[in-house]
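Below are two complexes that have chain A in common, paired first with chain B and then with chain C.
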Partner chain A sequence: MKKPDVKLVILGDVNVGKTSLLHRYTERRFKDTVSTVGGAFFLKQWGPYNISIWDTAGREQFHGLGSMYCRGAAAVVLTYDVTNWQSFAELEDRFLALTDTASADCIFAIVGNKADLTDECASVPHPEAERDACPCPSPVSTTKSHKQVVKEDAVALYKRILKYKMLEEKQCQAAEAMCFETSAKSGYNVDLLFETLFDMVVPGILRKRAEGLSQTVDLMECKGTGPKSSCCY
Partner chain B sequence: MSIKAFELCLAVERDLLMGDKARINIECIECCGKNLYIGTNDCFIFHFLLEEKSLANGKQTFSVQRQPHKYLGLKKPVNELKAASALNRLIVLCDNTIMLVNMLSLDLIPSGSKIKGVVTFTVNENPVSGDPFCVEICVISIKKRTIQIYMVYEDKVQIVKELSTPEQPSAVSLDGYFLCLAFTTQYIILNYNTGTSQDLFPYDSEEKKPIVKRVGREEFLLAGPGGLGMFATAAGVSQRAPVHWSENVIGAAVCYPYVLALDDGFVTIHSMLDQQLKQTLSFRDGHILQDFEGKVILATTKEVYMLVPLPLERQIQDLLASQRVEEAIVLAEGARRTIPKDKFQVLHRRILQQSGFILFGQLQFLEAKEYFRKGHLDVRELISLYPLLLPSTSTFTRCHPPLHAFADLNHLTQGDHNKIIKCKQFLISYLNEVRTTDVANGCKEDVDTALLKLYAETGHESLLDLVASENSCVLVDCVPWLEKYHKYFALGLLYHYNRQDDTAIQIWIKIVNRDLQDNTRADLFEYIVDFLSFCSNQELVWKYADWVLQQNEKIGVHIFTRRPVNEDKGVKLNPDVVIKYLHKYPQAIVFYLEHLVLDRNIQKEAFHTHLAVLYLERFLDLYSQKKHSSDELSYVRGKLRTFLQQSSLYRVHFILGKIKDTQLDLECAILYGKLEEHDKAMNILVHQLKDFKAAEDYCIWNSKDRDFSYRQKLFHMLLSTYMDPLLTSSELSVAAVDLLNSHAEVFDATWVLRLVPDNWSMQLLCPFLIEAMRKSMHSTRMSQVALALAHSENLIYKHEKLKCQAEKVMLSEKKGCQLCHNTFNNPEFVWYSNGVPVHTHCAMKRNKNLTDMKHLRDASNHT
Partner chain C sequence: MDRKHPENEEALQSKSLSWCSPCLIDHAEPAPISTNVTLDVGDSELDLDGPSLIERDSFDNELLEKQTEVVIAERADNIDDDEKEDKCGGLHAESLDQEGEQMQNALNEVDSYKSTFSLASKVQPKEDECIQKDKCELGKLDIEDEGSSEDRDLSDSVSTDNTLEDSSEFGRPAPVLAGSTGNHIEGPGGRMSGPSSPLLEQSGGSSALSHRDEDVTAESWRLHRKHVFVLSEAGKPIYSRYGNEEALSSTMGVMMALVSFVQSGENVIRSIYSEDHKVVFVQQGPLVLVSVSRGRQSEQQLRKELQYVYYQIISMLTQGSVARIFERKKNYDLRRLLAGSEKILDGLLNFVDSDPSFLLSAVHCLPLSSSLRDSLSLILQKAITPNLVFSILIAKNQLLTIVQEKAVIEDARLEPADLHLLLNLIRASSAFQAGEIWTPICLPLFNPDGYFYAYISYLDPPECTVCLLLLSTDKEAFYSVAECKRRIEESMRTQNSLQSIAAIQSYSVVQVGVSDLRHFMYKPFDVPDNCKQLTQFTSPEMEAPYSIEEERHRLFDMYRYLHSRIHSSSRPLKLIYHVAEKETLLAWVTSKFELYTCFSPLVTKTSAINAITKLLRWIKKEEDRLFIRYPPKYSTTPNPSKGSRGAKGGSDRQDMTDNGFLSLL
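And then the complex of A and B:
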């Protein structure tokens, strides 16, 4: 088992499409899912780094596991469903507190999924997604669903999160850059989301490695050096 | 889908324990090496020796041998048993008291070796202190919210630490300093050394019995909400996704890479590698499930069973047999740490290869290829699936046991033609990819031959590239195959590659002659000619020269004319031999001589004369034919004329002899010109042919590269011919006037004027005269310029001379002459402008010696 260098956790209410997002990114298609039990884990090779991505269960029953999953996380993706205000409200009410165990320099992203239901542009299948398109195209409903959460809401939440974390807005990523609207169904913005985050966590890995280096005692190196070894007589 | 990872074997039958006493139950179990201990609810400890036997069919059975048992005399159940084999002690929990008994006799170890008030305990399997003569245990005390750490020695116990916890603990597991504890409402990790703790996740222990199970170094398995088996490390994070049990799990065990869980009806077996459910065993009345150093024991209240893991390879093969490739590989790779490196590599590669074949069978070629590559597959395993592709000389035999169950491609595809085609296309791309890599090392012949066969069979365009470039195709094997698919041209190339050019050419000739059918190249004849022209084997060139020239002289002659310029001396064809040979081929010989004379510029009289004669004969031949095309005739004549004009190596008299009696007056004139018999030539041109333009051209090209006076001479001759007083005609007069007017610059005007009859008007010769005047004016002015320049030069010298004279010269007897080095004995001397005085006679002698006038002028400004 390869040891992950860094952890990314996807949080969000039941049914918002967390599993579907991860699935779209890793397998490049959209398929039926069952509500996640407990949590699932995926290891992504990103250049020389291994990034573990945790897909958590949104069901209330598994809520208690969240803190443990978030422990030491370098990035947290807070996911809601753009057609469901409640799923957005839950992020602040229920999920934000779970991230207390995350790493101090944790990066947050706020992701409104199912954008295909509300925005024309997001429902166009990505060129790459096309080959997976179902053979009988579901009749594109011209009457889009009502968008209950707009991007400004997400931006405002992001700023509140920074306050909650007592972080200076200026020192963090711009709110607009960290709020995404995606569609696991069409693939809209999915690669962008994950890859933006991967790129952002890499400096953290390097920092951690540099710190780790100075803390680790290399047994091969200190062989027979100095008075330290005198205890072995 | 499931796999068989464990097999259930009965170990201790009911009869060996309580028989039919209904109220007596198994309470706890311990297994240590061959020793199996069972504690009952009526305070007995039973001891068995466990004997493992493998049957011929590979199955395992167990037989047990009953040892003396022990009644502890407390009328309470024996709650827990733990062996400390290094101490030869069994740690027993009964009636809230821990006591020690001898492992063999089961005799109680007296006093000082008891711990009272114990709810439950656990042994540290990874203690920080490495003392082999003690065991570290952790105890949950009946005292509220208290935990104690003890050291257990052979005959005593010693408390090391007591900690109070915020909640009542109900289950504990221990690794290093880390306690993993189930509280009433949650699980936590507690470092008993530092006292720091880490919350894991909430869990209601009152509602459901918690499970805390050490799975390895600093990692624990916990019963979680919703029937989850959660993994947590001492650092408080999860490194593996949870496994999904049922809601009412009562026990769990770990046997790498599996976790087993017991509920009221089943034992479920999940893999820790991919968290998938691998096996479900139906088991009623399960009571205890526990692992002991790799052994998994399952018990009801009356009987004891062993869960025997199937050998890893067997499990992997089962997975592969049900085409579960990824799981098989995960399982194999999960065992990397537990198998010696070289053995693992063999196993791993074999599994990858098998997986490759499974995917290949599903026509998932890309994935298959990846596995073949990772598994270092001997590519011949794959080739051998395709009937007849391996050369008959191949020594290959499929590996045993076989990597797959396919007899061959037909078997694999059930004869589906489309599938067969896809498989072949895959093999083509695969072989093409690997043939130049390490993969083909040691079996290049097999790979290339197979590839050639596939190319031939499918009509692939790369066939020619393969046979024409470096390859290891086995010739004997490929010949019949290429013949079968009518790839004769390719066959020729392959013969050529194998240095059998003669055979190659013979085959190609057969194609051109339509004895063989192959349309690969429409220009095969040209190809053969080209081939021969580059062929360094003279014998072959001569052998096929006749065939080639009989096909087409013009192209055929290229075998002689297009040979590489820098051919070796040894293989260079002798032109004389070629000419002699080409006598039979009237066109070819002309082409060949043209090649020698015009292209290669060979300055040899014989070739030039021969070519001139051939041109001439060709012309005469054409001319004599009744129906000749005038175009062709003038073309041939043009060639003859150009050649006669441009070459000066042929034997003029010889040609002249041949040409004299023909109509070829112009050519005759050219020949006279070559002999410098210009009057004869001009006579022909002017009087016979009356072709004044030709006459003018004659003067021009005959004087090319000659000096002006020669040119003038020719023009004067021509003018004289025009103005021959014996043959005057108005026509000639006009020609003369035209000549003068258009070439005024060559003529000597005074000479011309003397010749011109008086009655010619000024008007008539106006252009000539103007040009003549202009010319004479020009020369006058040019000479004036020259004169003036000479004058000024003279003045410069005079100036210098005066400058020299202005200086005084001292001459005494002491001064010597620079030329003869004698002293001056009279006042006469020569003084050079550089201030050097010399004797007059010496200076004169020197001047005489200096042949170069210029020098004289430079050096002697004598007085």
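And then the complex of A and C:
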């Protein structure tokens, strides 16, 4: 059995398109989705490495599981919907705390999805008025929506996250490089997002191997590398 | 169909009397049903030739003239019930009398929403103990004394199915505020005169999104066969089967007004009968569930369906957290937690409307040679890890095998309803087909307050027909449970199990070898020494003429009707011989089984009886293939108390709560 070397977790509010992004990347298409229940586990072969990916549910109902999915993660993708300010605000309010269980050198990416829906010119800054709207995002329409979150907001959030994690920006990637705008529908920037992250976690895998040490108890147990050992995820 | 059949004539005569009379006859005594019919249950021999009541029935408007029915009824076991009802009736009469004016206002309010609901409620306040039937023309409000039957939610205090045109249909001796249902099918605005067939309407399993976007003021919205609403006690909308809950908030407000008005009189509203709708209310903790149905399903059945909806919500949130949330904040918007779950509830309601498992409260397992089933069970039995409690293999939405942890099975058994909820979750979330799922799930009948953690994965991608479901009590066990799946996969590969499973066919009724038999549903009751077994039923594939969805629904409706008659709380029946236009049905319940059969319309009573005898013999012979005889067990927990109900679940719940819900409030 393939043994995952590293873990990547996708977080974000309901309906922002986490599952769609992963589908687009793995299956090269945009298909109908159902709201995720709990979390879905995938294994991705990346060169000689196996990367495990958790596509988590955005529903508040499953909030309690979040820290379990994040445990020991090497990369966390914080996803929002560019047409929905609330989905962006939730990242800080609800999801950031879940990443406390992630690996100490965890890589963060901030992803604004559904870029295809926005009409760049129509973008408006933080529409406070719409924040307290109904909790369910409005259904996808064919007309262009207002862009509610611009890339500068994401960059600012990224810097706040580094501060929260007590990391220095110069040791990490430049904020601009870690904020993506994507469209699962058109495929825009989707490969770029995943492949950038995969490339970034590889040094971590090598470092870990070199050290011969692992971050978590789980990893300790399976240093024997028996073919059937159940850990090392 | 032969209209000169003697029964038909008899029926027409016996019916014409009651049709002519302007109002329903209120039978103070049980209906004049036959008493000297002998029913020999022991030997599977039926005797339908004795004098028996022949009922006519209006299953469908156009069938009106074409049906006869032989009913052999069990009586004399309802005296207690009737007495109870009697008292309730009195009580209500009192309280309603005092507040007659207020009641009138509330009902007027309903009237003003008639355009939305077609609720023709012209119930007059009562003036004295004697019910003014002639005055109450259209509506019937069925209210029940609080607490008197909270538990027996399957009983309905008034058994009248207002779509029946049948002299034996009447309210209980002292029905509460019962009015004549006034449902003259010939009259204008008869329920079947709608432009679209409800069956056709129902058959479209169209996407949930379009249902959500439906215009709730449109005629098409009103024509839906069965609406289901869920609201909180504060009147906040939580779920609507069709249309957006937001758009329906005023409608739900009226429902809540009705509920709380009746509550203020220390009563519980249970149902409202109108000319062409039945409105059934179920209150469960802080949630109110309402079903508005145009079909002829019994109140009892609708009530049970609402119960399933409640259970599905509980399976996602647990009863305890729902209660706590509303204790803290009465007007909490539960959709915050359920957003995204609508498709699961939509799926459940479609499932309930098309699969007899819910009606029969039994699990449908795929017929399988016992050697193959045993080998699959053995594979599951060998792939275990601590805290694993159930290993379930599903193919084509039916059960292949289930293996349970020893300690758990001694504690309690898995209820069919819990398994249905799991199957619905898998069915409604086609996204499960990718990846391996790990999700908390509560099995409300097993323990309404604890979570299990479900591992769900398909074993045959990309076809995705064979699904493995592993339930653990340990939230952190994903990786070790996933490892069990690898082992199961491995064993199945070496034994070629997937090919064997792919070859499994549900059986055809032709295999039974009984001419004229078109379809049946057979549910054996647990025999005492086997009581830990899962309740199951068996049924062949629906074939021509029921291969068309519309016909399938029609047959299912007839089964539901027979089921409601068999299980009527006022007058349960043992045997029904029902001659319809396109088929003849026979339903029979004994201490050992419940059986529904469907024959071609040309069958005679004698040949139907012979056919059933043959069918029962065939089932006996095939028993090992048709049912899971002895669910195997394994032991995964060195400390048996750990895996059992309550203890572990409790701590997990705490966990979820602390991490999740409470922080929101």
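Throughout what follows, the second predicted complex is superposed on the first by the 186 of 233 C-alpha atoms of A that agree within 3 Å, B and C clash if a C-alpha of one lies under 4 Å from a C-alpha of the other, contacts with A are read in each partner's own complex, and residues count from 1 in each chain.
To be clear about the criterion, contacts are C-beta pairs under 8 Å (C-beta built on N, C-alpha and C of every residue); 3 or more make two chains touch, one makes a residue touch a chain.
All of these numbers come straight from a predicted model, not from anything done at the bench.
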Practice problem: Please work out whether A:67 is in contact with chain B alone, chain C alone, both, or neither, and reply first, second, both or neither. | Solution: both
Practice problem: Pick one for A:166: touches chain B only (first), chain C only (second), both, or neither. | Solution: neither
Exercise. Kindly classify A:41 by the partners it touches after superposition: chain B alone (first), chain C alone (second), both, or neither?
Key: both
Self-check item: Touching partner for A:15 - first (chain B), second (chain C), both, neither
Solution: second
Quiz item: Once the shared chain is lined up, is A:104 touching chain B (first), chain C (second), both, or neither of them?
Solution: neither
Quiz prompt | Partner with the higher number of touched chain A residues, chain C or chain B | solution = C
Quiz item: Just chain B (first), just chain C (second), both, or neither: which does A:210 touch?
Solution: neither
Quiz item: Residues on chain A in contact with chain B in one complex and with chain C in the other?
Solution: 1, 37-41, 59, 61-62, 64-65, 67-68
Quiz item: In their shared complex, at which residues does chain A touch chain C?
Solution: 1, 14-15, 19, 23, 26, 33-42, 55, 57-68, 134-136, 139, 218, 228, 230-231, 233
Practice problem: Can you check the complex and tell me which residues of chain C touch chain A? | Solution: 209, 212-213, 246, 316-317, 333, 335-341, 343, 425, 428-432, 434-440, 454, 475-476, 478-480, 482-483, 486, 655-661, 663-664
Exercise. Flag every residue of chain A that touches chain B in the complex, lowest number first.
Key: 1, 7, 37-41, 54, 59, 61-62, 64-65, 67-69, 71-72, 101
Quiz item: Quick one: in the complex, what on chain B touches chain A?
Solution: 186, 199-203, 224-226, 228, 230, 232, 235-238, 240-242, 244, 273, 275, 334
